[in-house]
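In what follows, chain A forms one complex with chain B and a second complex with chain C.
After this line comes the complex of A and B, so read on.
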């Protein structure tokens, strides 16, 4: 599961780079997630992170997203229902990132 | 809670309790979630409630692993239990490592873990002792 769970597409036209995550994100792979976020943010002042295929994430992923949001404009795409919305609310990540929900 | 002898164990609506003991390492977290995801439907928990329970327990277990990683050199174990009660679920996450109080991190994001758990389940009791930490949660169904 090293090369497919976190993917990055390069910036194109007016669009920032997009990091697409899937599956479960926890302490076991959050460093890999952070690495991809940092790579995407390295050459761009904005990134979009698509979490709509993420089946589990917790505070570990939130910390990684907060870290990248400190230096980069962060957009998040999240499932319209489920626990990720709760996670964003409680952590306050929804106040530092632009959140778009996807059904 | 009163238990009627001979009934509680055979009540078809109450599955056998789940008990998982694993080393407090990051790789154990996925194993804990997999067991819970299999067990919760047997307790007639619907999928959206199951996701809340998995996150609450996952967050507590993640804390246990982080204490273990940061803490002492001795082997730390995380134990997760789940059982059906008359009105819902009783969940525990126990470790034998040292609890670090939820001090604010430089960015102030630690400590969201327990608020998150409280948002997901009905009651959360965190009991730190010198021998480790027990998180007890109740989810009404």
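After this line comes the complex of A and C, so read on.
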């Protein structure tokens, strides 16, 4: 895994900044994930996080997403099936973020 | 690690501290009608129990743990923070309703009518012991509620860890637990990916394997992560890294081989 695992694209026109993650998000790299989320949220009152290429994420990622959703309007793009959407449902993160599913 | 049969409620100073933490949370969340700290010590096959509570916190948590379901048992089982903007109407726990609570604890009827949101945040304070801090609000709960509880969960876990250690090795024990947290999370994640199960199931597999092979759970977790990745497991820079012995590494290899349906690579 390299730094390119978490990419940020700046806000444009009406669209908020987008953080695109890939691979596994766990305790090993969650700080890096949080940093990118915070940077994206710093200049914007809304961000979108694209998790559709994420292969695994656990409690650490859920905590990071709750933390950023506490101060920012959060949009999530996730695979339509699999563990991530299940995790969002169990945690209730899907009740406070706008979730878009992608096949 | 904790001596056998460490019972948090037998430590008055710990109980006083936990109560002060709950009061502090109450101060931060003036709309909280109930707060509770629930512990689940799996080492002695104990069922989850409410350790400390204020307001209607104990009633809410105990109802959820009695089979009705809710944020507290889900946070314990899945080890993720759980948020409910509106508890009585949440479709995840159809049995947890205003009517249920009025039946169980009619003396709090006026409070049950006020309840809206709830949040529960889990943590680990020993190899096989977990805790959940939960709050029930008269307002809808939000991501900010969870973010705040995450900070308090760390305080609660730290209080439990230090009291469980009860001696000069407290700091070493804290570091060990923090190291286990990382390795165990990683190992659980690998098992969840391999057998497509939830965190609770992965946890049980790890525990069962550590008992069957008679090796320490945290060392098995490190060995498993290192076996799968072929690289050292992530561990904090502080403290002595967990280095599994040969027997533990062999147990990890056997466990992984037994669970992998396909032949092992290499």
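To be clear about the criterion, the second predicted complex is superposed on the first by the 102 of 103 C-alpha atoms of A that agree within 3 Å, B and C clash if a C-alpha of one lies under 4 Å from a C-alpha of the other, contacts with A are read in each partner's own complex, and residues count from 1 in each chain.
Heads up, the rule we're going with is that a contact is a pair of C-beta atoms (placed from the backbone, for glycine too) under 8 Å apart; a residue touches a chain by one contact, two chains touch by 3 or more.
Keep in mind that what you see is a predicted model, and the values were worked out from it rather than measured.
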item	value
Partners on chain A (chain B, chain C) - clash or fit	clash
Touching partner for A:4 - first (chain B), second (chain C), both, neither	neither
Touching partner for A:81 - first (chain B), second (chain C), both, neither	first
First (chain B), second (chain C), both or neither touched by A:62	both
Partner chain(s) touched by A:71 [first = chain B, second = chain C, both, neither]	second
First, second, both or neither for A:96, with chain B first and chain C second	second
Set of chain A residues, in rising order, touched by both chain B and chain C	24, 26-28, 56, 58-60, 62-63, 66-67, 70, 83, 87, 89-92
Contact set on chain C toward chain A in their complex	71, 74, 78-85, 90, 92, 122, 142-144, 146-148, 150, 181-182, 185-186, 188-189, 192-193, 199, 234
Footprint of chain B on chain A - complex, ascending	24, 26-28, 56, 58-60, 62-63, 66-67, 70, 81-83, 86-87, 89-92
Chain A-touching residues of chain B, taken from the complex the two chains share	26-27, 29-30, 33, 48, 51-52, 54-55, 58-59, 62, 65-66, 107, 109, 112-113, 115-116, 119-120
Of chain A, residues touching chain C in the complex	24, 26-28, 55-56, 58-60, 62-63, 66-67, 69-71, 74, 83, 87, 89-93, 95-97
